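Order of writing sets the labels: A, B, C, D, E, F, G and H. Residues in every chain begin at 1.
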Amino acid sequence: MKERELRHLLDLVRLGTLSPERAVERVKHLPFEDLDFAKVDHHRALRQGYAETVLAKGKTPTQVAEIVRAMLRHKGGPQNILVTRADAKTFAMVRRVNSGVGRAAKFHQLSGVITIERNPEIVGKGLILVVSAGTSDIPVAEEALLTAQIMGNRVDHLYDVGVAGIHRLLEHRGKLTSARVIICIAGMEGALPSVVGGLVAVPVIAVPTSTGYGASLGGITALLGMLNSCASNVTVVNIDNGFGAGCVAACINRL
Amino acid sequence: MKERELRHLLDLVRLGTLSPERAVERVKHLPFEDLDFAKVDHHRALRQGYAETVLAKGKTPTQVAEIVRAMLRHKGGPQNILVTRADAKTFAMVRRVNSGVGRAAKFHQLSGVITIERNPEIVGKGLILVVSAGTSDIPVAEEALLTAQIMGNRVDHLYDVGVAGIHRLLEHRGKLTSARVIICIAGMEGALPSVVGGLVAVPVIAVPTSTGYGASLGGITALLGMLNSCASNVTVVNIDNGFGAGCVAACINRL
Amino acid sequence: MKERELRHLLDLVRLGTLSPERAVERVKHLPFEDLDFAKVDHHRALRQGYAETVLAKGKTPTQVAEIVRAMLRHKGGPQNILVTRADAKTFAMVRRVNSGVGRAAKFHQLSGVITIERNPEIVGKGLILVVSAGTSDIPVAEEALLTAQIMGNRVDHLYDVGVAGIHRLLEHRGKLTSARVIICIAGMEGALPSVVGGLVAVPVIAVPTSTGYGASLGGITALLGMLNSCASNVTVVNIDNGFGAGCVAACINRL
Amino acid sequence: MKERELRHLLDLVRLGTLSPERAVERVKHLPFEDLDFAKVDHHRALRQGYAETVLAKGKTPTQVAEIVRAMLRHKGGPQNILVTRADAKTFAMVRRVNSGVGRAAKFHQLSGVITIERNPEIVGKGLILVVSAGTSDIPVAEEALLTAQIMGNRVDHLYDVGVAGIHRLLEHRGKLTSARVIICIAGMEGALPSVVGGLVAVPVIAVPTSTGYGASLGGITALLGMLNSCASNVTVVNIDNGFGAGCVAACINRL
Amino acid sequence: MKERELRHLLDLVRLGTLSPERAVERVKHLPFEDLDFAKVDHHRALRQGYAETVLAKGKTPTQVAEIVRAMLRHKGGPQNILVTRADAKTFAMVRRVNSGVGRAAKFHQLSGVITIERNPEIVGKGLILVVSAGTSDIPVAEEALLTAQIMGNRVDHLYDVGVAGIHRLLEHRGKLTSARVIICIAGMEGALPSVVGGLVAVPVIAVPTSTGYGASLGGITALLGMLNSCASNVTVVNIDNGFGAGCVAACINRL
Amino acid sequence: MKERELRHLLDLVRLGTLSPERAVERVKHLPFEDLDFAKVDHHRALRQGYAETVLAKGKTPTQVAEIVRAMLRHKGGPQNILVTRADAKTFAMVRRVNSGVGRAAKFHQLSGVITIERNPEIVGKGLILVVSAGTSDIPVAEEALLTAQIMGNRVDHLYDVGVAGIHRLLEHRGKLTSARVIICIAGMEGALPSVVGGLVAVPVIAVPTSTGYGASLGGITALLGMLNSCASNVTVVNIDNGFGAGCVAACINRL
Amino acid sequence: MKERELRHLLDLVRLGTLSPERAVERVKHLPFEDLDFAKVDHHRALRQGYAETVLAKGKTPTQVAEIVRAMLRHKGGPQNILVTRADAKTFAMVRRVNSGVGRAAKFHQLSGVITIERNPEIVGKGLILVVSAGTSDIPVAEEALLTAQIMGNRVDHLYDVGVAGIHRLLEHRGKLTSARVIICIAGMEGALPSVVGGLVAVPVIAVPTSTGYGASLGGITALLGMLNSCASNVTVVNIDNGFGAGCVAACINRL
Amino acid sequence: MKERELRHLLDLVRLGTLSPERAVERVKHLPFEDLDFAKVDHHRALRQGYAETVLAKGKTPTQVAEIVRAMLRHKGGPQNILVTRADAKTFAMVRRVNSGVGRAAKFHQLSGVITIERNPEIVGKGLILVVSAGTSDIPVAEEALLTAQIMGNRVDHLYDVGVAGIHRLLEHRGKLTSARVIICIAGMEGALPSVVGGLVAVPVIAVPTSTGYGASLGGITALLGMLNSCASNVTVVNIDNGFGAGCVAACINRL
């Protein structure tokens, strides 16, 4: 693609339509906007998904709101906006920035996710199913589910189906086999993805969670367990990374 | 599916065609074959891929050969056969078992992979590209590539494109964007998947390798780096798990 | 058991007493109740112990109270109810749910355990003895003791008998040898189970605790020490997992 | 017991039957035999099991043989003898020491176990079942099984039933429920004990194995997973510690 | 000692002065006092030092005060009393318990140490010198110094002499060589004991501290460094364990 | 140098100008000032940089202010003063100590740095460029930048140029190549220094940050990644150690 | 630079001297040579040093020799060639490839380094001094020294000056202060760089080595210690990475 | 001491007896001998013990022999010589160097220790007792024992007294209480020092060993356990560091 663009620019230069100076400028002018503390990359949304996203953790509420304002300002067709790991204070500032601009911003308290839906189009080809092992894994599951949804996918979930009560999971084999991509979330020993992976033929994105205590090592145990899964359709993302799992699932579901 | 089968059995029972005793037997008779030390699961191949696979590591050459013999014997249409982490001795025994049965077994020395191609059909919808960082990552890359190929996919590779010479990688953006699924293999700091992930819109399966020394911790560093990738289309499999990456890529490419 | 049930169902189908459709439903109808965020598994209590249990950590007080309400509602004969890792707020909500229903809920502050005793029957065959090394191990010891007790066992304890004052422990050899199962709780170097294990012939369930500082690594050191115990009648559960130790001890004591 | 003995001694002293000097000697004379480099503890066998055991690893073949010779010499009724982690060389020396003395010593090559059966009595009350996940877990499984057997238990096994093919395991629910104690052996993610634990009501001794590679960390991952098991009847022993699992299972099965 | 006591008892029994029953009781009656939650071991003070000590961390203020009360009550000659890791609240309770009994309790805020000096006798043979690397290591240094002092030793200190300014340390070689035992306290890279150890011929007790950040890993780095010290007169205690270092130094200084 | 000084002293002694006693004193009188809890080393500033520095973390506000007062008092020509990891309270005390003495103290809130510029001279030969990957890395970046600046260097920065959007970085190759020393700051996978190192020929000081979650392990992952950098001009300092990076960069830039 | 080149190309295009097609080719034609398994980057040598380098570890002797052949073939002025982590077999193949081409290849057995000196020019401005702690650190020290030398620097060394005998180091302060860059190599506790860093005003590149045993953790302890160095002119490279230290030192010495 | 020497030198200078040049030389002339690859420090033996020592690991046999030759050559009164971690080959070379010089060199195969006794004087004031837990800990125990002995101490040992058979240890309380310093060696859970420390009033030097498997982590578990010992007279040295323990014990025993 880059080659084609470059050739086009060079043709313009050869024809005298474009001066070399401006050509250099054009090559340099990549489509991101500089807020000094953050470079908002509008093209990433185009390249990689159907939503612009901000990780609120590690940023001040004001910084998050400024980034959202830049996203709302952007002319490239209305994109959905997703803010993860936010708190009520950040939500208040984002809501103010968004007010009167379009669809209301929503705050999903369990997971700390803020969504601003501006484009309801479904672009994913199948269903993304979020499966989780325990009640305390639900915040991460919700982050994954909302991420996949805001990126234009049909989603469903199946919660509290840990492997020590295998019949609960087997009860829902129908749901499992209806999915095109599965996100599988578990803490403690992280065994769920292996069992789920063995029951289906589609890709399973495993998300370890930091629930548990003692030898769960803040999710490291679940992470290691999932990386050693004996099911060969399982891949893994970082601990508590519901967002990442949602992104990858959306990315696969667009194929 | 199970429900349908069960209903069918029950209908037969109701009609008196099948005695309850035999029905119980049938329900129990799942399609795997018991070699005492290993249960060969012919249905897994049907469920999850287009090849039957054996991990040779931790098994004696004789055990591997016996499993391959059972696979060759199986009546369910000729499946490709893949043996991973094998050595020359295991290959010799496998070749003997396979001789005269069909296509010759091939030994891929760098990766220790044995392939017996019995079904050349291409079932993957796009190209699977294997990208690797350094020369010493090639054995793992080859395992991934052969796995994807034997499971019915078109494959290509791009080797020795580490991030400290970013121009080498950027040179091949065309190849990168031609792939439907990318497998990205790197040791040491494991930074390649982040850069590759940022350049494409398709899923990237990251495989850390155990190359390196000292603080590379046998691949743990690359693994951790990949799990923390700031590119949101990257998922990770176990260290040196080229086989797993090939499986997942094949699984995604069939969607 | 499953086989027998299945055969019985099939017999009913053959006799025309049960339609195939209903038989399918019956097979599917496993005895758990769906609260959306949690699947209450009444049968687990029947299968594995004599109490229904809730881990309060990671659940909101309201969620815990709802689960307890469902347990109280259940028709399968009055089971004892155990809530672990609860705080005063959760206890207040549980007490409200339980009020007027039967035996009062009790809050054991040291360990954060809530017990609702509805069935005082003793089902364990011998004594379960809880032995702990230091004063700060007592919360975990209490969790183990209450768990074993609520599951229908006679229990006793022996506290503050660390190995650096071996005479304190040897003083109580009589108590040690009176037990059918021993739960042994220690932090820091976790040496107590090895010494206790060498003094008795019954199974010793070792529980590492997170007491200590620095190189105690939050209980990892005690855990590792116990896993390396040179006494061959010692097994180990997770750090601070008094509940798990109580369950296993109860499970063994029913044999 | 010690108290009773002591009182008896004191009575003898009071009666003048025993001089104080000799009484002191008697109290001190505990029943172990000093080989200088090892103290053979004949009473441990009486106290804790029905076999005398030697860990060959870390000892020279000569040392092992000397210890076995002392065991054979001991007058306390014929005990079975178990040597673990031995090699062919050690077996040769043990066989020489044992030749002509009684039952032949047997070498179990897969696990490196040597058994000398001198007492065929069954003392365990129920069946001990050894369940393992993969073919490469069999050496550890065999060590566990032989240990339980030589200690006077009926044993059975169920191999190659990993959780990624859950139907294989569910096929054998009958066998699972027939056991009084289960030993559950798995490497990689170590998920098997959670699933097995959820299917039965008896104690499950989990043994992590060092099979696997990369993020399996030589068995640490399986170990951590098992310690975090969500099934409440699971306890854990050290990595590859089939012997320990066999001992604990025997200890429980005698209750 | 035990042998002599036992022989004496037996002589009394033989002479009819002591009945066997009472002899058994006497043997059993070891000199510790049971507070239910803690066994106060008055003999340990006699055996191992010249102070009775309580670790306040992990105990409630009331528990600490009760233990101190029992110590004050004890008839074995006035011992110094040391409470470590206490806060103001615990001190208030201890002061109340101690008021009017004798010497005032003192609270040393930096280290959280409470001392009640009841016996000013110097029993150590030489000087114990506490050397520390940085300003933030002083709390641990103070704990070590007060512990050594309350156990009857002359003490001195040398603070803020880190190895990156080696001349500061070399300035005080005189002080270093005047000590009979040195306690050496350092965080970060923990290099001080190696340098100090190389400059003196007396034992150096190294105490790693949890000061530092990032790769200091809460003191693990300093701990590991000290364990690898190339000076052969260095031994190590736990992270931040000023108390332990003071005890060991006192123990050596009494020799 | 020391040799020359010593020879000079000895010459004075030989000439009778200096008595042996005073000579001994002189040799001993090294130029640092003792505040009891801290030894202010005025010469270190001369030896190693152009600023006197205090790490506020682990010191009380009063201690910090006292150290600054001693620095202000010192007669050796006005040095810049740098306090790192300070909070508002410490700043208030430092400001009071500094008031009326000279240039105002400034508090840089993001990084917690206090600067007192007393000597504006530029001593570094080239530009020090601070490059950082994400918005949340800016506090560490600011600490590095201010440290380099207060030590007499021209500085510039380039923020939010993570490797997953490689075009952002490549956009600024001009800036990168204008630097004489680069400080490169990144959390998560820590891949930025490898890419930057490959683009320039000057030394790159890599600083891992503790941003991220889960498998970022508080910065350990970034640290390990940087240590394994495949670019050969990269060295590493401790996690979040912006100060250290600034010092080293200043040290190199003076060469 | 890239910008200037691009502008020049565009000028040629505008002038019609260069066709757009060829311009595209030129832009793409970066100066590296493809050996299929490795991309030899001749420009890296120009960009980053004065030697072309190969890491032999992880490559077959044939692969190494092929890469060296390509380097020898390259037309860009004779560069020195450095092969690290080679063995005798690799050296034999390299020697054959090099024979008759120019200066003889030398094999430095202790460190496994092969050097082919083709350009004796000194380009570094000052002396690079390699300081090491113990005899067993010498192989890494030699790798660092030869790397710095082959890249055109004057080098010297100071071996066996560990911190437990601080006088040995202080003896050589003259040598230390004569260096422009210091490489400081130590295993075990890794304390040497802190002491050396405190004695000089120039940058100190610290290299941890994997010498030691037990808690030295294969060099991790030394690595962690160096990262926590309290001397502010110390940076760190990977364990045993003498090559990297030599490169960085050369890079700094060219400034 | 240094001060006194310096004053003496200065007096000589003042008196004209010594020229300044020579005085400078004298100050510089510290008593170590340079073998280029190792600096033999004859004074360390005087300062820190009664033997000169070489760690053979990481040195070639020739290097070890050369160091021994220099030690034998040294004129400062016959010192004992100790070589640790040697093999038969190194012993052969050492024996050759020593032949005809004096007392024969002895090789202690279990521990790999070589001793050359040249000075039989006993300088330690009491008995050093080496206590070890298992048969496989004996090599480390022997290294400790021989080190203490060659440094002029009376030594005794007590082997195979692990804590799981506590009666074995209690049997030997007499021996324990006869020691002035105890070295306590254990692998696996490393619990022995806590129990021993609680039984005696003298310092206990704990040495973890790398015996064990799985969760023993090569001795890390024993090391951590010992660092967390609840006995306050226990200090710790590195894993398998029998030599270090012997040195420290000798150092204490000379006090």
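Here is the rule we go by: a contact is a pair of C-beta atoms (placed from the backbone, for glycine too) under 8 Å apart; a residue touches a chain by one contact, two chains touch by 3 or more.
Please read these numbers as outputs of a predicted model, since none were measured by experiment.
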- request: Could you work out how many touching-chain steps separate chain A from chain E at minimum?
  value: 2
Query: Counting shared numbers against all numbers at the contact of chain E and chain F, is it over half, same, or under half, different?
result: different
Query: Centre-to-centre on C-alpha atoms, which chain is most distant from chain G?
result: C
- request: Rounding to the nearest 5 degrees, give the angle of the rotation that lays the CA atoms of chain F over those of chain H.
  value: 180
Message: On a C-alpha centroid basis, what's the spacing between chain C and chain H, in Å?
response: 50
Field: Between chain C and chain D, centroid-to-centroid distance (C-alpha), Å
entry: 26
- prompt: In angstrom, rounded to a whole number, how far apart do the mean CA points of chain C and chain F lie?
  reply: 54
- prompt: So, what's the distance in Å between the C-alpha centres of chain E and chain C?
  reply: 38
- request: For chain H, write out the residues touching at least two other chains, lowest number first.
  value: 3, 28, 134, 165, 214-216, 220, 223, 227-228, 232, 238-239
Query: Which positions of chain G touch chain B when the two form their complex?
result: 28, 30, 32, 36-39, 41, 44, 57-59, 63, 208, 210, 218-220, 223, 238-241
- line: Note: in the complex, chain H contacts chain E through residues 1-3, 47-49, 53, 125-126, 173-174, 177, 180-181, 201-203, 205, 223, 227-228, 232-239, 243-244, 247-248, 251-252, 255
Query: What does chain H use to touch chain D in their complex?
result: 134-136, 138, 159-161, 165, 167-168, 171, 211, 213-216
Message: Show me the residue ranges of chain E that touch chain D in the complex, using the header's touch definition.
response: 3, 6-7, 10-11, 13-14, 16, 20-21, 23-24, 27-28
Message: Looking at the complex, which residues from chain E come into contact with chain G?
response: 133-134, 162-166, 170, 188-191, 194-195, 197-199, 212, 214-217, 220-222, 224-232
